[in-house]
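Each of the next two complexes has subunit A plus one more chain, namely subunit B in the first and subunit C in the second.
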Partner chain A sequence: MSYLSKDSPGEVNLLMGNEAIARGAIEAGVAFASAYPGNPSSEIITVLGSLAQELGIYVEWSTNEKVAVEAAAGASYAGLRSICAMKQNGLNVASDFISNAVLTGVGPGGMVLIVADDPGGISSSNEEDTRYFSRLLEIPLLEPAGFQEAKDMTAFAFKLSEETGLIVMIRSVTRISHGRGNVVYSKIEKGNKKARFDTGRTVLAFPVPWTHKILHDKMAVIKDKFEESDFNRYEGPKGADLVVVTSGAAYLYTKEALGLLGLSDRVGVLKLGTTFPLPEDFITRGLKGAKKVLVAEEVIPFLEASVKEAYANHVKDLGVIEFYGKASGHIPRENELSPDIMAQAIAGLTGTGYVPVDPAYQAEIRGLSLPNSPYRALTFCAGCPHRATYWDLKKALKLDGRDGFIVGDIGCYTIGLGPQGYSMLRTTHAMGSGSGLATGLGQLKTFGLDQPVLAVSGDSTFYHSVIPALINAAHHESNFTMVVLDNSTTAMTGAQPHSGSDTGAMGIPAHGLSIEKICESLGAKVRVLDPFDVDKSVQSIYDTIQDDEGIKVIIMRQECCLYRLKKDEKRYLMKIDETRCLGDACGCNRLCTRVFKCPGIIWDRAGKVARIDEVICNGCGVCTDICPEGAIIREVNHEA
Partner chain B sequence: MKHNGAALAHDPTNIIIAGVGGQGNIMASQLLGKLLVTKGFEVIIGETYGASQRGGSVMSHLRVAGKGGISPIIPKGKAHYIIALEPAEALRVMGEYGNPDVRVLSNTRPIYPVDVSTGALDYPDLDNLKKIITDHAKETFFVDATDIALRVKTPILANIIMLGAFAQWGVVPLSVDEFKEAIRQSVPEKHLKKNIEAFEEGMRALAAS
Partner chain C sequence: MSNAQGPQRLLTEVLDTDLCCGCGACVGLCPYFTSFLGRTINLDPCDKEEGRCFLFCPRTELDLDGLSQKLFGVPYGTDAIGTHRDIYSSRAARSGKYQAGGTVTSLIEFLFDEEMIDAAALTTNDKVLPVADLVTDKAGVKRASGSKYSVAPTLSALNRAAREGYTRVAVVGTPCQVTAAAKMTTRDGVERNPGDAVAYVVGLFCTWGLDYRRLFEYLSGRVDIADITGFDIPPPPAELFVVETKQGKLTFPLAEIRPFVRESCRHCIDMTSEFADISVGVLEDNPAENLLIVRTQKGEELVKRAVDKGAIIVEKMPDGGLVHLKESALIKKKRALANLSEKDPQAAWGYIVGPGDRLKKIMD
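For the complex of A and B:
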């Protein structure tokens, strides 16, 4: 039994925020869970999947977020409690369904939507603040301000969903989802595990004004509940001059900042956990007597706008209040917050100073740290097949000489935008966007576009959203080459299985779909290559882009090296024959280190030769084919 | 501040475990954090590992409190202890979170950033790096954790060797036996013996330094 499935009320465990959310779902007797992986949300489903058989629940990695949310709603309609998790970008994909489901309602099983935002874009292509979706779609929104709340809110959200027939959204952020903290367990409810679709009910949104009115009536009920919710509280002295209104991780930074400044008994904190619909009466009580209000939140001034709106509605009770936050420039509009940012903001408004450390020491250590801790650029792991793929593509496009180019999307291979991927990638937007862009670019021959067009995507992305673009391309006979970087897993987010895998989230067999068969069924010309076989890959890519007719698919198939090394040893033991490496005298311009840029090879400044870093090298063997002098020796590792 | 008879030198105690993606930061911080929770402390760990497998700097902020009020991010200049699995990372962290009273335990084995491998950037002279760290910390220990791990042919265990050194340091109220029990609970049976040996190697390395 896992520490996450123990029915041990009162026990305290150190849980990752995502584990706390999963535990909340387990305590609520969840029966069905679905998601498409995306950091910082991925561990929720990983954890539930690993416990699925023990708990008798169903868990899947869905093909994309829209399918995931629809699958979870299906279970909800059959009376099961269901949870669906995604990162911020995922909600863009899923929102189409949700905008209809608010009118039709879900249930009778409660349905909870977890969206983990990533302020600062720590592991994302943007820092989209999904809280506005709650207003746009009109779904209730909860924001956990800690690890205990992450669990408690999840359990509460199921009840609220069942009481109202609405999907309830919980917005986490990276620092909660990927942080860890103490969580006190509650009892595990058994939960309904008997599914039945009530054929006496038709799920419909029509007539729209009528169902929309029902939605607003539900929202009024929810607002009343939120007015009484324990997730909202006022902390600090009564009638404080300055009150900080805050939610989520910003609450933790606010509390810490007040501690640092010694102002906990002077400044009030209005901590909100239910941020849509807003509990206006509760907020009005909390702001009574305040002269200044600072709204502290990450990214978009969602709460700031909402609280100002509430203030406008209650201005007679509250008198003149000055508002500070993003509009006033006291809180940044970009990036995540921190205790330091909050301390400086509060110090500024209270006329106190904040000097965290002796300035002379700080100036000196910063001055020494900067030049002596060299920047670590993101790079492909040693042994990553994507490095080899970009190398192959670079050589093939050079050979072709028509200024061919590559468009792409999100994944480990996005590193291809930078020098570590030889700057081969020209664009990155949403999941599958490279294939979509390429369908358009592939139609521009009559406008004079004579460059070869290539698109890259990962294998998981292929299933997620490349397929519709390929169908479009096949139907309209768009001329481009789709390169699928198939490393047999969803590597970027922690090696989750996908629709091509032969096992699913629960660790039991699944039907893995063949990328080549899908592409062939669309009439595409398909080649499967091993990126580590450099010569053959370069020639095949070159041959493919000479073909000017219709849609071509190249599958670059080689397992993710990290994923592989969890199961097996290094394929090759690498060494450099120092008698053959000519160093700078070679004329190769240090091809292996300076050009190929694998971190497993380092330049020995003293000996003026290349060396293998045995700690870093993962033994893919590709560099042997790169070295013009044959100085890099690969020996088959017989333990593999 | 006492918990189950144990005392914290600072409340909160702020520990940063720093390294490069793939070095086992998270495993170390999680093991230590779980152990401290069983002793009755409030623990918060903030992790920065967005693209950590891909050569970036990674940091775990491990915070231990008797009376709460902590966030997942240590305020600038407020680290009490830095455990660095890579020496340049120790200095990088000191630049942001160091103070005259900070104490540092660092591995000595560099991992070169890709821009150093390519020749675009220089890696600092190791002796100079160690001197800067030593001169700007209250107490400093260097352990050849990766070299020890390579001797037992398991470079991945450098983090456990560093954990052993940290246990020997004795700056958190946890006994060696409690550390070992936590390793037993975190590590699969087949790897246990090597992990415990590595832990003990780390203890010896610190004791000898």
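For the complex of A and C:
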């Protein structure tokens, strides 16, 4: 039994935010969980998946977020409590379904949507603030400001969903999802585990104005509930001059800043946990007597706009209040907040002296840390098959000489934009966007486009959203080469299985779908290559792009090196024959470390030779094939 | 222009300007340059300030006087066919399938017979693509016979020979290739200089070479490429390009082929491989024989020995027989010099660094 599945009310456990959310779902008797992996949301489903058999629940890594949210809604219609998790980008994909489901409502089983945002884009291609989706699509929104709340809000969200028949959204952020804190357990409810679809019910949104009105009536009820919710509270002195209105992680930074400044008894904090629909009356009470209001939140001024709107509605009760926040420039509009940023903003508004960090100390730290930290480029792991793939693609395109180019996609292989991927990638947007761009580019021959067009995607992305683009390309006979970098896992987010894997989230066998068969069924010409076999791959890629009729698919298949090393020993043991290594002399000029750039090889400046860093090298053996002098020697260690 | 003598300059001054003649001197020295379907390609950036690729390229800093002094002990002259000792008509003693008289094939075979070389950098066909061929025994020499009219990276075979430890290599090449070989053999103080392995340089006459990719594209619709066995350009005034196939000869107007002449050839001043030990062309009056120009002492000794041992048959050329050749060679020089100063008005003679006075004289 895991610490997450113990039915031990009152017990205190140190949980990661995502574990707290999972625990909240377990306490609420969840029966069905689905997600597409994406940081910082991934652990919720990983955790539930590992407990699935013990708890008798169903958990899956879905093909994409839209399917995930639909699958969870299906379970809800059959009376089961369901949870669906995703990162901010995922909500864009899922939003189409949700925008309809708000009108149709979900089923008798409550359905909770967890969206984990990534302010600062630490592991994302954007820093989208999904709270606006709650307004846009009209979904009730909760924002946990800590780990206990992460759990409690999840359990509460199920009840609210069942009471109103609506999906309830919880918006987390990286620091909540990936931080850790103490959580007091509640009882685990059994929850309904008997599924039945009520054929007496028809789920539809027509007539729209009517169902929309029903939604608004429900929202009014929810607003009333939120007015009374314990997730909202006022802290600090009554009638304070300055009140900070905040939610989520920004609440934690605010508290820390007030502590730092010694202003906890002078400044009020209006902490909001239910941010859509906004509990306006509660807010009006909290702001009574305030002269200044600072709204603290990350990324987009969602709360700031909402609170100003509420103020406009209640201006008679409140008198003149000056608002500060993003519009006034006190709170940055990009990136994460920090206690330091909050302290500066509050100090500015209260006239308190605050020196963030002594500049001399800061300079000293910089002086000590920079020269002592190794230079690290954004790079592929040692032995990563993507490096080899880009190496192969680069050479094939150079030999072809028609200025061919690669459009891409988001995943580990996005590193192909930079020198570590030989700057081969020209574009990156959303999942599958490379293939979408390519279907358009592949139609431009009549407009004079004579460059070979290639698109890359990962294997997980292939299932997620490349397939529709390929269908489009096949139907319209677009001319391009789709390169699927198949490393057998969803590597970027922590090696989750995908639709091609033969096990799923619950660790039991799943039906792995063949990428080549899917592509062949579309009439694509398919080749499967091993990127580590450099010469063969280069030739084959070259041959493929000479064919300028229709869609060609190249599957570059080689397991993610980290995934492989979880199960197996290094394939090769590597060493460098110093007597053969030409180093930086004319004849090589450090091809391995200067151009190929696998971090498993280091340049010994003093000795003027390349060396293997045995700790970093993952033993893929590819560098042996690129060294012009045969100086890099590989010895078979473990056959795959 | 920087003072560096490295690959970045090779890229900007030779490859980017289309002056590359595809000789292969920079190919196989390192991982950065390769030749593919007749084009020389830079695969990855190399940031060296000085490198063999630049030093040996026939299209960089060509010091005609310097080469001439080192090879012949005299400054670069104004004779359009270069410095020479003797001129003969010649042919192989044994009949065979050669381009012309078979002098080249016979001499290289002879060098193997006499163990005067341990390898030869020749040019054979891979289907119809001319490729550099490192030949290491007499038996291999025949497969290289016959001219391929598109350019091959022949010198990459020399580079490979040197890397693989051969020490007495014969190089057979067009004037541009011969120039690169001469830059190698006359250059001191360079480590891993393939020139150190060169034993003999046999030059061919050359008016122009073709771009393989464009020729191939042209022929693709007209001939079954797989059936091609050879090419020929009969002497003027025929104005024909002959493609020999398994089914017989096909002729094409030379005017249709000329546009595929490489840009580099328009900037090439050398028709007779002026920096070779010996140079071999087609004898104008008799395409079944060769014209043989002997330039160095080494070349002279080789020819003498080959004649003595009955490998080739030579006959002294009467001076009158060279008028036409010299004329063509001079026309090629003038045209190239004019094109060079047109291409880059900044530099008087493009990649040729001098001697200005004699080049001026040639132009007049």
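As a convention for this text, the second predicted complex is superposed on the first by the 624 of 640 C-alpha atoms of A that agree within 3 Å, B and C clash if a C-alpha of one lies under 4 Å from a C-alpha of the other, contacts with A are read in each partner's own complex, and residues count from 1 in each chain.
The criterion applied here is as follows: a residue touches a chain if its C-beta (ideal position, glycine included) is under 8 Å from a C-beta of that chain, and two chains touch if they have at least 3 such contacts.
A quick note: this is a predicted structure, and the numbers were derived from the prediction, not measured.
Visitor: May I ask you to decide whether A:Q362 touches subunit B, subunit C, both, or neither, giving the answer as first, second, both or neither?
Guide: A:Q362 contacts subunit B only, not subunit C.
Visitor: More residues of subunit A are touched by which partner: subunit B or subunit C?
Guide: Larger number of subunit A residues touched: B.
Visitor: Regarding the shared-chain residue A:A585, is it in contact with subunit B (first), subunit C (second), both, or neither?
Guide: second
Visitor: Report for A:Q53: first if it touches subunit B alone, second if subunit C alone, otherwise both or neither.
Guide: neither
Visitor: Applying the document's definition of touch, where does A:D340 land relative to subunit B and subunit C: first, second, both, or neither?
Guide: In the superposed model, A:D340 contacts subunit B only, not subunit C.
Visitor: Between subunit B (first) and subunit C (second), which, if any, makes contact with A:S8: first, second, both or neither?
Guide: A:S8 contacts neither subunit B nor subunit C.
Visitor: Under the stated touch criterion, which partner chain does A:G179 make contact with: subunit B (first), subunit C (second), both, or neither?
Guide: first
Visitor: Overlap the subunit B and subunit C contact sets on subunit A and report the shared residues.
Guide: 594
Visitor: In their shared complex, at which residues does subunit A touch subunit B?
Guide: 12-14, 39, 122-124, 147, 174-176, 178-182, 249, 252-253, 255-256, 259-260, 338-340, 343, 356-358, 361-362, 364-366, 368-381, 412, 415, 420, 562, 590, 593-594, 597-599, 601-603, 613-616
Visitor: For subunit A, which residues are in contact with subunit C within the complex?
Guide: 394-395, 398-399, 401, 422, 584-589, 591, 594-595, 626, 628
Visitor: Which of the residues in subunit B come into contact with subunit A in the complex?
Guide: On the subunit B side, the touching residues are 20, 22, 30, 33-34, 36-37, 42-51, 53-57, 69-78, 88-89, 91-92, 94-96, 98-100, 109, 111-119, 121-124, 128-129, 132, 136, 146, 150, 155.
Visitor: Touching subunit A in the complex: which residues of subunit C?
Guide: 29-32, 34, 36-37, 39, 41-48, 50-53, 191-192
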